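Below, chain A partners chain B and then partners chain C, in two separate complexes.
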Partner chain A sequence: MNGARCLLRLQSVGFLAPSVRAAVQHAALLQPATALSQITVRNTCGQALRRFHGSPGCYKSQPVPTDPGEEHEDRVKKDKSLITHDDLFERVAREAKTKATFNRVVDVFSKRDIRRRGHVEFIYAALKKMPEFGVERDLTVYNKLLDVFPKEVFVPRNFIQRMFNHYPRQQECGVHLLEQMENYGIMPNVDSKVLIVQIFGDKSHPMRKYQRIMYWFPKFKHANPFPVPVQLPEDPVDLARLSLNRIANDLDAKVTVYQMPCTDISESGEITFPHVVGIQSPDQMELLAKHNPNRPVFVEGPFPLWLRKICVYYYILRADPLPPEEKVEEPYDPERCFDFPLQLDLDLDRDMGDDDSFDVEDVDEGPVFAMCMTSQGDQATLNQWISGLQETNPILGRVPTLFRLEAGPRELQGVADPGPGYREEGEEEVETDIVVEEEHQRSQGVKQ
Partner chain B sequence: MNINRLIALSRSVKYGEILTSNARHAAKEVTLPHRTIRTHARDLAYAKDLFLGKVNKAECFPYPEIRNEELEEINSFVAPVEKFFTEEVDSKRIDHEAKIPPETLNGLKELGLFGIQVPEEYGGLGLSNTMYARLGEIISLDGSIAVTLAAHQAIGLKGILIAGSEEQKAKYLPKLASGEHVAAFCLTEPGSGSDAASIQTKATLSEDRKTYLLNGSKIWISNGGFADLMTVFARTEVVGEDGVKKDKITAFIVERAFGGIISGKPEDKLGIRGSNTCEVSFDNCPVPVENVIGEVGGGFKVAMNILNSGRFSMGSAGSGMIKKLIEMTAEYAGSRKQFGKNLSEFGMIQEKFAVMAQNAFVMESMAYLTAGMMDRPGVPDCSLEAAMVKVFSSEGGWICVSEALQVLGGLGYTKNYPYERYLRDCRILLIFEGTNEILRMYIALTGMQYAGKILTGKIKEMKKGNVGVALEMLGRKLGDALGRKVDLGLTGMDGVVHPSLADSAKKLEQNVAHFGSTVENLLYRYGKTIVEEQLILKRVADVLINLYAMTAVLSRSSRSISIGLRNHDHEVLLANTFCTDAFFKNNYWITQLQKNSPENQDENIKKIAREVLEKRAYVCSHPLDRTF
Partner chain C sequence: MAVSRATHFTPAVRFLGSCYKQRHLAPHLSVGWRAISGGEYKRPGQTQDNTPIWKKFDFDKGVEGIRKHFTLLKNEFLGRWTGPEGKPLIEHILEQTRVIWEFRGPESLEQWTVSSDQEIGGRSEAYLKLGRNNTTCLMYGTLCSAPPRDGETRYSGYCTMRSKPPMGSFDSKKHHDWSSFNTLHLRIRGDGRPWMINVGAETYFSHQKDDMYSYFLYTRGGPYWQDVKIPFSKFFLSSRGRIQDDQHPLWLDKVNTIGITLGDKADGPFQLEIDFVAVCNDRAHTEEFAYEVYKRNPEV
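What follows is the complex of A and B.
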C-alpha cells in the first residue's frame, strides 16, 4: 500500500517538474495546443493524486470540476494565466516598475480566478521579478505573495499525509519564497506565520523554514558591531561625515567641513567647488605636533571604503615610521607623581608564567595624522584640506607636505560625476606625483 | 620599651649630628622638644615590615601614651573648644550661607586654633601630633571649619614649618599662628592632580635675579578667596649637575600683598559649603627669591612631605564625628516607637550602632597610634601609616554617616536634621588630600618597593632554580597547608597582647604571615610590573590597612585592660569583633591574590570596563527591546 502510494507520488512529481519548467519558460512561445495538453496532463495527474489520498473535506473546499464545460472554461483561463505570468509583469513593467504596479499584478492574478490556478508558477515568476520592481526587500509584498496560495487546501489532515510530502510542489514554492526573503535579509513577521499555518499547516516544510529563519535571524541581527545604516545619507557631506567617523573609530575625533559643495557662477564660467570634509582626533593632533619638521608628511589616496552598495574614497595624511635612532623613550622621572611611585626600583621582571601577552610581530606603519574625503581628489582640493588643518596644527606650515595621489579608481565612483576638466586634472596629478616622488627621494638622499 | 626609646633617641641624635653639616636645621630639630615636625625619615616602620611577614611589635606595642601634664594641658584646651563648638558655631547657618561668619572665625583665632602645631616661640600652641589629633575630634564637628583650618595649617603653612628658613618662620609664622593671616596651599592645576609634570605655573627669575615672576593658575584652592599667604608650587628652570637646563618644581611663599593674584568665584560645592574653594591665578606676581621654601628645584620633596604629614588627623576627625552621631541617633532610636517597641530593640537597627561604634573605635585607635608614633623622638616616617588612617577613616566615616541617617529614615533625609549635612560634608574625605585610590597605590607600592629591595636576591635565586631556596619555600608552604601555628611573638611569654585578646592576636599573626608570603609570591610573579596591576595593589593595600587596624585595636585594648581603663571590657569586645571580621576579609582578599584563584574576577572586571569604556556608554540593550 505504502509502496504504491510512494510510487504514484514519485511519478507525479517526476512528471510535473519538467513540464512546469517548460511551461514557465516557454509559455509565451508555445502554441496554445501544446500548452493545453501539458496542462491537462498535469491537472489529471494532480487530481488523481488528490482523489487518492484526499479527505472528504477536501472535496468541499476545492471541488473537482466535473462538468466538462466548466472544465473547459477553466482550461482556457489556466491557459491564459500561464501565458501571462511573466507577461503580466512585462506588460505592467512598460508603464512603471513600482511597488504599486507589482501589487496590482498580484491583485489581478488573485482576483481573476477563485481557485488561483497556476499560483505556483505565478509565485515563481513574481519572485523572479521582484528585484526589477525594487520590492525585493519589502515584507508586505512577500506576505501578499504568500497570500496568493489558496488556504487550507494543502494542510495535511491525517497522520499519513503529514508523514509524506504533502503537496510537495506547493511546499517547495513556499520554501523558495522564504528562501528569497532570507537571501535578502528580510525577516518574516507574524502575518507571514499566520499565512503559512493557514496554507500549509503548522508542521509543514515552509513552517519549518519559517522557524529556522526566526531562530537564526534575530541571533544574527546585531552580529555586526559596526552596523551601516540601512538608509545612507544622500548628502555627500553627511555621507563623508559618517564614513570618516566609521574609519576613525575614535569617539574624540572631530569632523571638520573644510568646504561645503557649492557652485559659483562668475564671468569666467561655472566653477564647482567640491566638498572637503576631514577628521582628526586630539591624539592625532598631539602626534602631529611632535612630528619632526624635517621629515615630510604625505597625502595619500584615494583609498576605497564600501558602505553597502556605495563606494567612497578617502585620503590620509601620514608620515613614515620613526627610524629607530630617532625614537627616544621618555626617561623615568622619580619626581613625576606627588602621591605614589610610578615605577618601582626593582631588578625583577614579570614571571614567564604570568606574562599573558601574545608575541605579536609589530609592523611599524607610521602614524596617520588626519583623514579626509572629497569628491575631487586633485592636489588643489587636497591642498585646501591641508591649509585648513594648518589652522589647528600650526606645525604643518613648517613640514614639507608631499602629495602621493593615484588617479586610479575614481572612475568607479558612482557619486562623482566627472566633469569636462576631470581628465586633465588626472593627468596633472600624475605629473605632480612623479615630481613629488623625486622630491621625496631627494629628501631621503639628504637624510642619508 | 624604655630601652628601645632610648636607643631610638640616641640614634636620632647621632643622625642629627651628621645632618648638621649639610642641613640647616637638623641639629636644631633634634634638640627641640619632641613636638616639632620632622622631615627626615627613620628607617624602622611598622607597616613596611608587615610586607615581609614580620610584626615589629616594638613600634606599636604598648599603645603610645602621653604624660599626665600633657593630658591636663590638652584637656584644658579641649574644654573651651568644645564649648565654643557646641554653643557658638551654627553649622546649619554656615552650610546654608556658604560662609563662616567673621565672629566665628574670630572665636577660632582667639582659641588659638589657627596655630595648633606652630611652636610656642612663634606664637602658636605648639601642640604635638597627638594633641592636634585630639583637637581635630572636636573641630570636625563642623566640616567647613575643619577644612578651613586644615587648609590653613595642615597644608597651607606646613611648608614654612617643615622646610622654611629661620627668617621665613620668624617673618610669617607669628601672624599665621594668630590667624591674622590665613594660609592656603596651591598645588593642583587644571591639568595636574598628582602629576608634577603637568604643572604649568611658571616662575621666571627676573633680570636682577632678585625676584621670581609667577604666572599660571591653580584650581580648587581651599581658602583661596581670602588667604593672605600661599604656598605655591611652580616650575623653575634649574641647571642640573650635568649642565643641562631642566624644569623643576619649586615652592614659594607668596603674599597676597605682592600683587598680581586674582581669586576666582568660590566653587559651589556639595558639602563643606562654608569653606572657601576657588581658583587662584597669578599674573606676573613678583616673589622675592628669599621666599623660596627649601631649595630652588626642591619643591617636589616639600610638596610630598606636606601632603604625607597632613593626613593622619583625619582618623580622629572621623571618630569625633561618628561619636557625636552615635549620641544623636541613639537618642532617637531609644525614643521612637514602632509596633510598641523602641527602634533600639530591632536587630537591624542594633547592627547599625555596632557598626558605628566599631568604626569609631578602630579609627580612633589607628589615629592615636599613628600620632603617637609620629611624636616619638627620632625622625619617624609614618606616611604609610598616615595614609592608611586616612583611607580607613574616610571610608568608615562615609558608611557610618550613611547608617546614622538610615536610622532616622525619611527624617534623616530632610534638612531639619543635620545628617544630610554630615553626609555631604564627609564625602569630601574620600577625595581630598589624595584620593583613596591614589593613596592605595601609595600604600601598596611603597610597601612593595621596600619588600622588593629585600627579597630581590632570594627571588632571583629561586628563579635561577636554586634548590635550597625553592625547598625552603616549599617547606614553608607545606607547613602553612598543614596548619602550622604561626607565632610572631604577640602572645605567650614575651607577649605584648593581653590574654583576653590572644585569639585575635593569633588571627593577626596568621594574616601577617600569610600576607608576607603573598607579597613574596606577587613579587615573584610580577616583579616591577606590579605597578600596572592596580586591582592587585588595591587588595594588597586593603589587607595592609586591615592589618594595621587590627594592630591598633589590639594594642589599644591591651593597654586599656592592663591599666584598667573604664569600660575596657567593651573595648575588648569591639577589638575581638573587629579582628575576627577583618581576619576573614583578609583571608578572602589574600586568596584572591593567589594565582589562578577562582575568587579572582579581575579579568572579567577589566573586560566589562573595557567594553563599557570603548562605547563610553552602558552597553546592554534595553530589556524591553525586541529583535522581531
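What follows is the complex of A and C.
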C-alpha cells in the first residue's frame, strides 16, 4: 500500500501545486497497481520514497541527457574528486552573465542527478553568484533555486524527528536563501510557500522564516512618508524634477528647466551643455522680493540627496539670517484668509497642561530662495540658473551674488558667519556685478 | 514592643548605611580599579596599554570626580524637597513636552557615543560634531557595506550614535522616566536616507540585555528642517538585529538609551543634523501598541 501512504502524506503536507495534485489523483486512480503509482509519484516529485531496505544504488538512474557539450563537461567534472559548484557558474560566466545562463546552470544541476547530490553546496554557491548575474531581485529565480531541494525527504515523519532538528544543514540552507531574499527586499509568494511545505514540512525553520517575512514585510512596506519610486527615471532632467519636488516640500513650487542637456558642434569644437533644472515656490519668491538688496545672496553647494542607492547633488540660493535689529515683526493680515483665522486673541485660562511647545531656542538660519540641480556644478552653469531666475525675480539684478562652491560634496550646513577674512578651502568666492552677469548671459545665449 | 522594634531597627539602618558607603564611595574616592589596571575594553587592532599604574594617577581628576559626585548627591537630596526628579510637582503632573537632548554647545556632545562597523572590522566611518553656530549636532561620515573578510561575518555597514545612559551620583543607575509621554519628537535634517531609532530600556534578566525597540526614521533631504513625531506604540522589539516573534509594548518608565543608526546598504557619504530630541504627549494618539500581541507570531 505504498501509493496510499504516499497519498496520505501528500495530503497532510497541504500541497497546493496543481501538478502534484494531478499526480496524486492519478495515483489514487491507480491505487491497486502499487508499483505503477509509486513510479508516477516519483517522477512528478523528482524524488522517490526510499524503501527501508532498498539501497540507494537501486534508484540510481541515468542522468537526463543534456546537450553534448555540457555532458562532456560533466564527465570531465566527475573525474575530479572535489566538485566545486562555483566552477559551474564560472564556466558559464565566461560567456554571459544573464538570467538565462543562470537558469541554465540550475537546470543542468537539477537534471544531472535525480537525488540532487550536493544541492546544499550548490545553493550556497548560487546564492553567492546571484548579484553577479544580476538576478538577486528576481523572485522566480529564488523559487527555481528552492526547487533544487529534493522534495519530501526532509519532511519529518514522526514526532521524534519533529522534536529534534530534522536535517539541520538543509534547513539552514533554506533559511539562508530566505534571508537573502529578505535582505534584497523580495517578498516570497505562494509558490515559495508550496515549495517550502513540500521540501521541509509545515512547521520547519524555513517555514517559520517565511511566515515571519510574510508578517513583517507588508507592515513596513508603506511606512516611508517620502516614498522613492522603485524604478528611478533614467533621464537626468526627470530625475532632477523628482528630487527637487521631493526636497522643496511645497505643492505650489514650480519646476523650471533652464537648459536642456544638449551637445552643440561649432567651429571651436564640441560643446556639451549640462542640464539646469530649478525650483521655486511662490513663498520663496515673496521672501526674495522682500530681501534687502544691500545684503548679498549666496549660491551654495553641492549638497547630497540620496534616492535609494543613487546620490544626486543640488545647489541652493540663500541669504544670511537677518541680524536681530533688522527683524520686523509682521502682523498677520486678517484678510488673508477669511475661512480660517490666522491669529486668535482670546484670553483663555491656559496653564502648563495646554502648552505643547518645546522649550528650545530656534535655530536661526537664513532663508532659502531657490534650489537647482545640474550635472556640472561650475560657476558658469550656475550663473545661467541665476540669470534665468532673474526673469521672475527682478530683484536679483540689484543684489550681489556670491558663489560658494566646493569641488566635492560637502555637508549640508547653513552659512557659518564668515569673518572678514573668512574663506573655506577650495572655495571660489566671486562677486559678480549685474553688468558682468548680463554680459555673461548674453554670451551664453550667443553660444547656444 | 515599640521600643524593642526601634532598637532592632537602628543597627540595621546603620549597617545598611555602611554597606552603601562601602559599595559606592570606596571605588570612586580612589580611582576606579579598571582605570588603574588598564582593564578597559581593548578594541581589536589596538596595542595594549603598558603604562605603569602609578603614572595613571591624576590628583586633579580625583578632586574633579569628588566635586562632581558630591554635587550630584547634594542635588539628589535637595531635589526631593522641590518635587519628583527635582522639579515642582505641578510641573511634573502637567508637563506635556520635555526636551531631552538639545545641542547647544560642545558639552552636549559628551552625552553621545558614536560608533560604526569598525568595531567588527568594517570600514565605515562616523563622526559627530557641532553644526553651524554651535546650535545643532551633525553626524557625518561614510558608509561602506563591504563585510570584513573574516569568514563568518556576512553583513556589515552601519554607523550609529547612541546616548550614554544617565548616571546618578557615584555612577549609580538612573533611568529616563517618560511614562507620561507617548510620542518621540525629533527635529532633523538629513540627506534622504532612512535611519533607524533604537530605544534601549532597562531589563530584568540578563538574557534580555540586547533587547531594543526600534522604528524607522525617514528623512526627506533638502535644506529644510523636518519635524518627526514617532509614537512609542510603533516601536517593535528586536534582539541582536532580529525582530522577535512575541512583541510587547515598550515600557517607558525605565529608558536607558536612545540610538540613531544608519544601515541602508547604500555606500557613500551621509549626514544627519539634529536640532533636538524631545518627548511629548500627543493627546490625539490613543494606540497602545501597533503590532499583534494576542497570539504568537507566526502562529504555532
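Heads up, the rule we're going with is that the second predicted complex is superposed on the first by the 302 of 448 C-alpha atoms of A that agree within 3 Å, B and C clash if a C-alpha of one lies under 4 Å from a C-alpha of the other, contacts with A are read in each partner's own complex, and residues count from 1 in each chain.
Definition applied: contacts are C-beta pairs under 8 Å (C-beta built on N, C-alpha and C of every residue); 3 or more make two chains touch, one makes a residue touch a chain.
The model shown is predicted, which means the values in this text are computed figures rather than measured ones.
Undergrad: Who wins on chain A residues touched, chain B or chain C?
TA: Answer, by number of touched residues of chain A: C.
Undergrad: Should A:R318 be classified as contacting the first partner (chain B), the second (chain C), both, or neither?
TA: second
Undergrad: Check whether A:P218 is in contact with chain B, with chain C, with both or with neither, and answer first, second, both or neither.
TA: The answer is first: A:P218 touches chain B but not chain C.
Undergrad: Would you sort A:L251 into first (chain B), second (chain C), both or neither based on which partner it touches?
TA: first
Undergrad: Quick check for you: in the superposed arrangement, does A:V135 touch first (chain B), second (chain C), both or neither?
TA: It touches nothing on chain B or chain C.
Undergrad: Let me test your reading of the model: by the given contact rule, A:N183 touches which partner, first (chain B), second (chain C), both or neither?
TA: Only chain C is touched by A:N183; chain B is not.
Undergrad: Identify the partner contact of A:E335: answer first if only chain B is touched, second if only chain C is, both if each is, neither if none is.
TA: Touch partner of A:E335: chain B, not chain C.
Undergrad: Touching A:D345, do we find chain B (first), chain C (second), both, or neither?
TA: In the superposed model, A:D345 contacts chain B only, not chain C.
Undergrad: Would you sort A:G353 into first (chain B), second (chain C), both or neither based on which partner it touches?
TA: After superposition on chain A, A:G353 lies in contact with both partners, chain B and chain C.
Undergrad: Just which bits of chain A does chain B share with chain C as contact spots?
TA: Dual-contact residues (chain A): 351, 353-354.
Undergrad: Using the touch definition up top, name the residues of chain A that touch chain C in the complex.
TA: Residues 183, 203, 208, 211-212, 215-216, 219-220, 223-226, 228, 243, 246-249, 303-309, 311, 314, 316, 318, 351-361, 363-365, 368, 371, 409, 411-417.
Undergrad: Please give the residue numbers of chain C that touch chain A in the complex, ascending.
TA: 90-91, 93-97, 99, 102, 104, 131-133, 135-136, 138, 140, 155, 185, 189, 191-194, 216, 218-225, 243, 245, 265-266, 268-271, 273, 275-276, 278, 280, 291, 297-300
Undergrad: Could you list, by residue number, the parts of chain B that touch chain A in their complex?
TA: 187, 194-197, 248-249, 300, 303-304, 307, 434, 438-439, 441-442, 445-446, 448-449, 452-453, 456, 459-460, 463, 523-531, 595, 616, 621, 627-628
Undergrad: Which residues of chain A touch chain B once you look at their complex with the stated criterion?
TA: Listed in rising order, the residues are 187, 189, 214, 217-218, 221-222, 251, 333, 335-351, 353-354.
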